[in-house]
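Below: one structure, written as structure tokens.
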Amino acid sequence: MNLNKKEKYNDLGLDTKSISNDYRALNKDGTFNVKKENVSFFEGINIFHSLVSMSWLHFFGVLVLGYFTINLLFASLYLLIGTEHLTGIYSTTTFGQFIEAFFFSAQTITTLGYGQIAPLNLAANIVAAIESLLGLLIFALATGLMYGRFSKPIATIKYSSHAVIAPYNKINGFMFRVVNPKNNQLLEVEVNVTLSLKRDNSDLRDFYSLALERSKVVFFPTTWTVVHPIDSKSPLHGYDEHDVLEKEAEFIVVIKAFDESFSQSVYSRSSYKAQEIKWGEKFIYLTQRDRTGITVDVSKIDETYTADLN
Amino acid sequence: MNLNKKEKYNDLGLDTKSISNDYRALNKDGTFNVKKENVSFFEGINIFHSLVSMSWLHFFGVLVLGYFTINLLFASLYLLIGTEHLTGIYSTTTFGQFIEAFFFSAQTITTLGYGQIAPLNLAANIVAAIESLLGLLIFALATGLMYGRFSKPIATIKYSSHAVIAPYNKINGFMFRVVNPKNNQLLEVEVNVTLSLKRDNSDLRDFYSLALERSKVVFFPTTWTVVHPIDSKSPLHGYDEHDVLEKEAEFIVVIKAFDESFSQSVYSRSSYKAQEIKWGEKFIYLTQRDRTGITVDVSKIDETYTADLN
Amino acid sequence: MNLNKKEKYNDLGLDTKSISNDYRALNKDGTFNVKKENVSFFEGINIFHSLVSMSWLHFFGVLVLGYFTINLLFASLYLLIGTEHLTGIYSTTTFGQFIEAFFFSAQTITTLGYGQIAPLNLAANIVAAIESLLGLLIFALATGLMYGRFSKPIATIKYSSHAVIAPYNKINGFMFRVVNPKNNQLLEVEVNVTLSLKRDNSDLRDFYSLALERSKVVFFPTTWTVVHPIDSKSPLHGYDEHDVLEKEAEFIVVIKAFDESFSQSVYSRSSYKAQEIKWGEKFIYLTQRDRTGITVDVSKIDETYTADLN
Amino acid sequence: MNLNKKEKYNDLGLDTKSISNDYRALNKDGTFNVKKENVSFFEGINIFHSLVSMSWLHFFGVLVLGYFTINLLFASLYLLIGTEHLTGIYSTTTFGQFIEAFFFSAQTITTLGYGQIAPLNLAANIVAAIESLLGLLIFALATGLMYGRFSKPIATIKYSSHAVIAPYNKINGFMFRVVNPKNNQLLEVEVNVTLSLKRDNSDLRDFYSLALERSKVVFFPTTWTVVHPIDSKSPLHGYDEHDVLEKEAEFIVVIKAFDESFSQSVYSRSSYKAQEIKWGEKFIYLTQRDRTGITVDVSKIDETYTADLN
């Protein structure tokens, strides 16, 4: 029925037009090849998201630069008011006084307050009172950002760098391997694989939801080889390596899981292009057993051996 | 069956009585035209919600005013005790002493503590100890609020300002366009459109859940034109612009999505009144492709061209 | 079928034995009448939960008491070391020195540090360094608690204090009314009502899931009168007020909603005992319309008028 | 049908190879017997997760050690610059100066700033300004960690240390008992039990999802005896104690619930090995009723009495 079809069809929301063989809808790290133009500043900006997502190097760069700039500003302000409003300034040159005001500002904004230099009169007191309030708010914000950065759940799933097409039961199967290298437990892990193929003599693309050997597991303590059996119902049925390259195949993978450490749902995305498939190779076995348990050698996730296709 | 009907019917929980053609159940920004009266203070108040939802200008206003007021209060307290209990007070006038006490209070509540002025005796020490505890608690609260304000997930979906009724396949369709202007990825985006029509010769309203071309997408990297095909089953079937205005039509849109940055579900709401529909106009194409990816021109979300209706 | 029955049956996990007519499984505020005994200290304790759930008065009591106690402890420590290790101690009596040490401790734990009194030698410096670290950790904890207290989502649903049995269409209905007095929007509100009746000549109780006129709404901006129509399939069919009292009826209400302010699911529970039902009364209409919108008078949620039962 | 089977089959994602009778897939505390090898440092590390999950003793150890180390570092730095750049250093020996610099560093990083010792020249001022910024960031991080540690939802479910096989209705049943010893309410509690049996003459294991008397309850205020009735469809049908030991049976339990205190889903896991089953024992009744409510004696969760099996 039409309805059943709809039920089964997993609408990805991706563009159906083909661009080139180089193009991939989804990059290996799960980002999209989409740029947004002419977004107005306030619509497009998301300060928290940016500050939480940037690299630690960037983040500390922003913090240190901000700290430096704000102290420069307040040092100028103290100088403008006149350093006679501060006790404990010993320099006689303007530059020397600026330096002392700069460090007085640093001691004020961090609420350190050694007291060696201190505001004496109304004007300096007002500026210092405002600066210390500002300092507390800025570090309140920094606290939130540090927490946001650390507590951001990231699906830490590692994908094998290649997929393989290998013998599976009496037919062949499209396979890739995933592992969670971290210590957080991922639960109720669900995987969806969609195949995008270029239509013959057209620049449109068709999307096929691939049936999987198993698409959901309750626990994910070791490693998981996701298998799409290429049976007679598979859109890959009867295709060889050349066909798959010709049709600019892209396998789009979406994994959803519940991260127990953060008690939140996490998503992971990746994709395999036709060029990233090894034909007639099979993944080696990663786990070793002894009487007390199982050991998984994560570094061998990409290793394969030759296996004749059916 | 009755049951099937129930299953399909999406009960919005809105009032079924019509008021006037000007009235809209849902404002364009997703708020409701509902006022609650005679709510007792403690039942109605939600300090955190208010402080997290108010504008930044308001929020900083509240902070600065609070800081000023609390320092006024404590300055009065120090004056009441007597400034002879503080070292380092030089003023001889009451007003001058009040000013000095005010800034001593500011240095205490921010835990700055220059030490130029310091409590000397029991009474002043007690007040200062309480004030610094209070200060830490207030700034603990401010930290929470800053985090709450920044980490509040907001469905940042931007709607086309008008909907259109345009040719779609061999019939017509009701269409509007949405885009996510921010960098956060929205996943598993689900849209529901409900049509509210005034019943003939009555002030009651009927609600219809509209069937959509597609109602859920897994990714939402570019733009989405939501389409309700006006086929023979549509409640809009056979209506022209005049009928739709007469029946005071309101299209109520609810979008649910998973915001990956915040790992939380977000909702967005909007509505289109009959007056906000352009008949015989079609949205222009927003995306441009090159070999490396897709570019979306967000600023053109409202642009349409004339298209003859079927 | 057995299966259908199971599907429909909403297992509450409550005890099926009857105790007395006074007993209610669920209190009006949603708590349970259950006490746990002999729970070992570490199993039963949940410090965060307790500190976040207690009243503000209690919470500030704990904070102030903790602050006082910890300063007492450190003051004793400084005295033990000897006040000659601190500069700026002027008292000659032990009590006076203790007081000064107490306030020095307060200035240290809040990282205020006026510097009037300061550690001079190794021992005092070690204690002060530890105390300031401890202070920062304690206020880190307090920050988390303040945030936890404020950001805790609470289903703020207000129930009518009585339920009614009133005419509904051509039969009667069991009805109660709910309203959200706060400004947070509740979305996808779902209500479940379970009826618990004492079995005749037995102390066992039976539980019945009640069919509702509507059990889920998408928005909840105004008020909602939840209706269970007493048709021929209802477990209340044919019962009068006397029967319902005799059978010690308890209507257990569970409401689940999505709180938009906190982006989290919230639950609200309450119950109506047979004595809390008004027979032959109907709730008055709460909402008033004008051209710009709807006004809800929350204070009239309990008001009813007499209506002859069918 | 194949489909029905799939629906019912609960894929745990565990290894199907048997190791030894000692081996258990799941430890009693819900952890897995899996070790990951050769994980690269950056892939495997999850600082936040580690610092939030470690014991309080460990956590405070890390904090104190970090505090000590960072002060050592900065003390060395101040010494390197030369203590003539600091006012208030009285020692004449290098060691004495180091000690004073150490405590000056502690006063700076906690933003205590007594001011007794203070930076005098440019170099010392720069180091102190950096140190105080660093201090604020570190304590921002500590604040986040404290909050993360306390607000981490943990499914606090306590399992009976043994399971029993006891008479149930006219057949027998596999039973274990769970209780929530904490005050947080768990809602919508769902339990899944999977039986893992060694295949005869093979080292492979089969997994069976066990049908339960009831698998979900809305409330969980008291205690819950989870029962799998050993009827003719049960994989345990016809097995005696000896068979169950021989087949190295492991009962894997997964409980999912909604923790109302944290508004989050929580998972709890445990397992019972064949050796942890008491045959012909029944759990005693834990709850006592009086007119005002129910009392549960949590300490008796493991107590059983002899009961002849059917």
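As written, the chains take the letters A, B, C and D, and residue 1 is the first residue of each chain.
We adopt the following convention: a contact is a pair of C-beta atoms (placed from the backbone, for glycine too) under 8 Å apart; a residue touches a chain by one contact, two chains touch by 3 or more.
The model shown is predicted, which means the values in this text are computed figures rather than measured ones.
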{"item": "Contact-richer chain pair [A-C vs A-D]", "value": "A-D"}
{"item": "Residue-number overlap at the subunit C/subunit D interface, same or different (half cut)", "value": "different"}
{"item": "Candidate from B-C, A-C or B-D with the same interface as A-B, over half of contact pairs in common", "value": "B-C"}
{"item": "Copies subunit B and subunit C - rotation angle from C-alpha fit, nearest 5 degrees", "value": "90"}
{"item": "Interchain centroid distance [CA atoms averaged], subunit A/subunit D, Å", "value": "26"}
{"item": "Mean-CA-position distance for subunit C and subunit A (Å)", "value": "37"}
{"item": "Residue numbers of subunit C (touch at least two other chains)", "value": "111-115, 143, 145, 147, 264"}
{"item": "Partner subunit D, residues of subunit A touching it in the complex", "value": "63-64, 67, 71, 99, 103, 106-107, 110-116, 139, 142-143, 145-147, 150-151, 156, 158, 179, 181-185, 187, 189, 214, 216-222, 224, 258, 260-261, 263-264, 287, 289-300"}
{"item": "Residues of subunit D touching subunit A in the complex", "value": "10-15, 17, 19-20, 22-23, 32-40, 43-50, 52-53, 87, 108, 111-115, 118-119, 122, 125, 128-129, 132-133, 135-137, 140-141, 143-145, 147-148, 152-153, 192, 254, 262, 264-267"}
{"item": "Complex interface listing, subunit C residues touching subunit A", "value": "111, 113-115, 143"}
